[in-house]
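Two complexes follow with chain A in common, the first pairing it with chain B and the second with chain C.
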Partner chain A sequence: MRTGPPPSFASDSRPLAGSTHTNVQTNMTSTTTSRRAIPRTKSSYAKRDRRLAVILLLPAGITILLVMIIPLGFAFYTSFFNYSLGQEGNMAFVFLDNYVKFFTDPVALRSLLNTVIFTILSLAFCITIGVGISVLLRSLKPRTANVMRAIFAMPVLISPIIVSLIWRYMYDPTYGIVYFVLDHLGLGSFGGLTDSTTALFCIVITDVWHATPFIILVASAGLTVIPEELYEAARLDGASAPRMLFNITLPLMTKVLVVLILIRGTDAFRVFDLIYGLTGGGPANSTTSLSIYAYKQAFENNQMGFAMAASIVTLLCLIILFGPFLRNSAREKDA
Partner chain B sequence: MRRTRGSVAIGLAVVASLAALTACSPGGSAPSSGASSDVTLTVSRWSGPQADAQQKLLDEYSKQTGVTVKMDAIDYGQLKQKQTLNMSTKTGQYDLVYVPEAWFGEYSQAGYLTPLDDMVKDTSLTGADWNQSDFEKSGLDVYTTAAGSLQALPYFAQTPLLVYDKDKLKAAGFDEPKTWDDVLKVAAYFKDQGSGIALPFKQGSAITNVMAALLAGNNTDFFDASGKLDLTSPAVVQTVQFMQALSKDSLAGSNGWHWDEVNKALQFGQAPIGISSSGLFTALEDPNQSNVSGKLGYAPLPYAQAPAGLLQTWAWAVPADSKNQQEAFKLAAWLDGKQALTEMSQADPSFISFRTSLAADPALAKNAPWLAAANEAFKNGVTLPLQPAAPELLDALATGLSGVVTNGDDPATMLQSVQNTEASKF
Partner chain C sequence: MKKKFRPGAIAKWAVLIIFTFWTVVPIAIIIMNSFKKAKDIFTSSPTLFFTPTLDNYVNAFTKADFGLYYLNSTIVAFVSTAVVIIVGTFAAYALTSFQMKGANTIAGGFLVAKLVPVISMLLPLFVIINTIGLRGTLGGPIIAHIALNLPFVVWLMMGFLRDVPTELQQAAMIDGATRMQAFWRVLFPVVLPGIAAAFILSMQYSWNELLFSLQLTDLDTYTLPVGIASFTGSVSVDWGLSSAAATATMVPIIILGFFVQRYIAEGTTGGAVKG
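On to the complex of A and B.
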């Protein structure tokens, strides 16, 4: 039972946001108290309300059950079996064998490592570049900033598979513009997509090109809620631009950044289309991600049970890596 | 109220009049050129240029017979999944499915396909000019089960071939490259000139297809005489060493190319020589699309012992859950008839059928200069391994070969590694 604002609000240094939130909280508390004052639990109104609530929630609940819980449960259940697509009648129970096989398969472990490296690099570059550009755009005149934002946003409108086709030709040593430029810089020997040591990094560059506009759009929206007065005050106090970035902008964008890390991170971890179109997982599995690995097991090697186990492992990794962010973001909402 | 009723009545009368007029118009009646039929057949195949030519043939069939034929042409990547889901759940959605040899064993063992042995003997279904002995035996064998039951009609074949610019090779003093040594010399020469040989050596199916054909040309196979996996035999190691040597003289980027990129490099004249798939050759000889049309020569893949090729085939099969099996077979037999096959090859010259009488047809060869080389490759043609565990073997080999041609991994070590992980599955 909540009896007042949580302690964090007392020490909240954000004057505008803090005061507004506290007022709302106070109003909510009083409303709750006044509601409790009416003994409704035994009344027909309360029963009717509950029934109405159940009826209204039912479609959403059934939808979640049908499209999320049951398929997930089915995937988890079938990960304990060996079977082929369309051969669900001939499933052989193998219990944890598929999971043991995954963690003893060097290709699976390589794909896990590739996925983690890809996610970390992509996330780091996307957030840094995206937030950086958003901050720079904020300092421009609104009209100029809007035009620039629209131009920067273009890549996000292209589907990932098309992006992969565009970049595949850009990276091609015979036809591609990347090598045309690199040749002029004397870097024509760059391995690109055909070298195991550079292929993953090339895909990260493509992903950053494609996903950074999304960060720019969301971060720009996040920046609009920061009061301009704070920057004016800081400028009067002689604060430098980096200090304003680290002491005002980033702390006040924490919630936005958490959401961005959550969305972009899970997206990067599940990467499929880009890699499939650019390298197909090669050369020598140097770019195989968990999604590509699971896809190959399911639809090329015909091992649906094992593919399900690989997918469940991907899900568990996502929960371990991004669960804390999700919990943190939910907590922030409660507060 | 009365006015409303009156309006409704007038409206209904107008609708009825329009309906009557429509029924009397030519568009509302059955096609005048063919018999009417209540049968609707649905055909499942991959989409792409050949599918467009196929659609025209199906329309022609509908005109002739009155049978409505719908073509469900989808991306190759999703085709097997969709076919399998439909046949395993017995939806009866498909009456005719386009099947490659790689899926045939699985479909057949699962009982998805109808045996065609009786139907091919029935001339009321095949037509009077059906001549089964006209089909390449190797094609019929691929779609015959171990018990001797024919379960699909072989339709389309393709094979990897060596493609070269005749003028450029002649100017450099080379004849048509035939053996491994020949092609290594040509590739090294052009590499020194700044290009090299274009190879489909991306990690994927193409590199294993090339390996299979090269193994056949070296009189060896993935398996020994007893059917056991044998990747460490000297002949197999020698073959992969040849692939590694060839890749060193390849065009920049070849290690990340699939068939289509190799074909583009040949088509635009950037590669004077390359290995591509016959199914894509139409673009090479189309003067509107190609910089080198009329200048290219075609040969079976280079060999160490004898010319050989890879049989990559597609066939028409009638699903066991089809509600129109006889009508579906009639359509398959019509499509596999000489007339329809000729029309298909005319529409898309890269379409090669299994009818031997068409293999030497000069009219078709005129538009398809690769036909002689393809037929030579088919004579000693092999298929990829078709065992249930074959996809895993080919996947492991594709990864290993990618390491050999990209990172310079030792072929013998790579093959030993794949042998160790995959041998128990065969």
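On to the complex of A and C.
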């Protein structure tokens, strides 16, 4: 278990081999010779060493190149063409037409709006509930907390398509437990998944069920690095629980929260499986996300070029929305 | 505990108990449905007591091709995970134990790769895989899952490898071992539990992944999530059968997940937190 402050995203408290900044922790716990790198004796040895490192990295690099970079380049290139599947030899260059079409299509804009609403709502609920539960768990005996956390973590291990199956049953107007409970509370007229005003919210609830455990796992790990003495000192000063939450816990969790917003936010932004399983994008496109929209354009309307443009728009929106968080967490590692 | 804290303690436990119900009830409902006859599933108030039956499981394996999907998913998960573990562990070794310029940047690149929307990768990859004739084979999802899991495994293994004291490797190399000998004799045995955790979590992701498998497979190569999607896609859902399929799919992964869930945080957040 680490004792220092939580290290930042995309870096680690210990310097990687070859990095220039020194690290107090490492230097204090080990002698000067025991840096990460093995001391070089001969330059030919170092050369061989470097070659070996490249060879070890090569398979991973080739995989990322073949399965991510080249396909993304292909998607970008073909988004300027009109073509259908299997007709790649018969592409018509239309330049930006697909993008113009996207931003003038009401359904496309609706799916963009749906995705943004879904992401904001899901993030807000997941982080509030997840961090709240983690803070409560921290106040328990470690043994009890571990058992409860193990139970709470279960949904995150379940396939999203099974999650959508489970909740489709729960939301069933005739047999579902959601209506069973709502009826008893006198709220039986709830539209659920079949009403275009409530369907998206129902999917948010399902996503919160599925993804909050992930927040609990990460936030709990983040909380373990906050020294207990801080709370003891605050308690001696007569600080209330909410004050300790806002003045100790949350400020010290900032980095973890930024990482959570980045990872959970991008995850919510590309939502596909849950919507595919629960509503398929309906009713009346009220739950169509960008991923669902691009998917339908490709595999139902067979407009591959347009679908590529939609998927590139999805990627660009994600970069615009979450780029600042990525920059932020990358910058913190130098601080 | 002082007396004045008690209302807080009651509220705390109330929240935790409600959250336990919120987490467990949906899972319990679907598991119970899988052992119910149709007449017990289709009731307007939930039935807690019923005569259990295995009919739904029998139907899933005989009427539906559930056994085949199970086999397909096992093959895809095992092969893609085996490749990811080998490729990812060596990459993590290169990034942690060698004096390499740009190691930080490369490691960060893996993390950014994880944030790319799946749909942006699927569409072009689908066209490419369709063109080279791999569509409908298990090769499609295997390739896709390798790419999807690689960043996670690299980061998780980097964390484990960094935790091994440098002195161990140095001592072996002073004794005349080469880099790779030092890796196999010294590092590998120490990080073996970490490799096991990475293996299970990578399997879990592959086992659960829908979108790539949905488009890259055909009836003979459906994986479990695609099979389950096909059970529920139609207008009327056979709840008994799909509940049985869902239970048989999720229970093994939940049980395995109990042992490794604390590593999920570390592998996903790029070492920002340690489980």
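Going forward, the second predicted complex is superposed on the first by the 272 of 335 C-alpha atoms of A that agree within 3 Å, B and C clash if a C-alpha of one lies under 4 Å from a C-alpha of the other, contacts with A are read in each partner's own complex, and residues count from 1 in each chain.
Basically, a residue touches a chain if its C-beta (ideal position, glycine included) is under 8 Å from a C-beta of that chain, and two chains touch if they have at least 3 such contacts.
Bear in mind the structure is a predicted one, so any value in this text is a computation, not a measurement.
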{"item": "Contacts of A:301 with chain B and chain C, given as first, second, both or neither", "value": "first"}
{"item": "Partner chain in contact with A:195 - chain B first, chain C second, else both or neither", "value": "first"}
{"item": "Partner chain(s) touched by A:170 [first = chain B, second = chain C, both, neither]", "value": "second"}
{"item": "Partner chain in contact with A:281 - chain B first, chain C second, else both or neither", "value": "first"}
{"item": "Touched partner set for A:186, first chain B, second chain C, both or neither", "value": "neither"}
{"item": "Chain B versus chain C as contact partner of A:78, first or second or both or neither", "value": "second"}
{"item": "Superposition-derived comparison: chain B or chain C, residues of chain A touched", "value": "C"}
{"item": "First (chain B), second (chain C), both or neither touched by A:142", "value": "neither"}
{"item": "Chain B versus chain C as contact partner of A:238, first or second or both or neither", "value": "neither"}
{"item": "Shared chain A contacts, counted only where both chain B and chain C touch the same residue", "value": "85-86, 88, 174-175, 299"}
{"item": "Residues of chain C touching chain A in the complex", "value": "8, 12, 15-16, 19-20, 22-27, 29-30, 33, 41-46, 86-88, 90-91, 93-101, 103-104, 106-113, 115-128, 130-131, 143-144, 146-147, 150, 154, 158-159, 162, 165-167, 169-170, 173, 179-180, 204, 207-211, 215, 224-225, 228-229, 232, 237, 239, 242-243, 246, 249-250, 253-254, 257-258, 261-262, 264-266, 268-275"}
{"item": "In the complex, chain B residues that touch chain A", "value": "80-81, 84-85, 87-89, 106, 110, 202-204, 251-256, 258, 261, 264-265, 270, 388, 391-392, 395, 398-400, 402-403, 405-407, 409"}
{"item": "Touch list for chain A against partner chain C, complex", "value": "1-2, 6-12, 14, 16-19, 30, 34-38, 40, 46, 49-50, 52-54, 56-57, 59-61, 63-64, 67-68, 70-72, 74-75, 78, 85-86, 88, 129, 132-133, 136-137, 139, 148-162, 164-170, 174-175, 177, 180, 209, 213-214, 217-218, 220-222, 225, 241, 255-256, 259-260, 262-263, 266, 269-270, 272-273, 276-277, 290-291, 294-295, 298-299, 304, 307-308, 311-312, 314-315, 318, 322, 326, 329-330"}
{"item": "Contacting residues of chain A [partner chain B, same complex]", "value": "84-88, 107, 172-176, 179, 192-196, 279-285, 296, 299-303"}
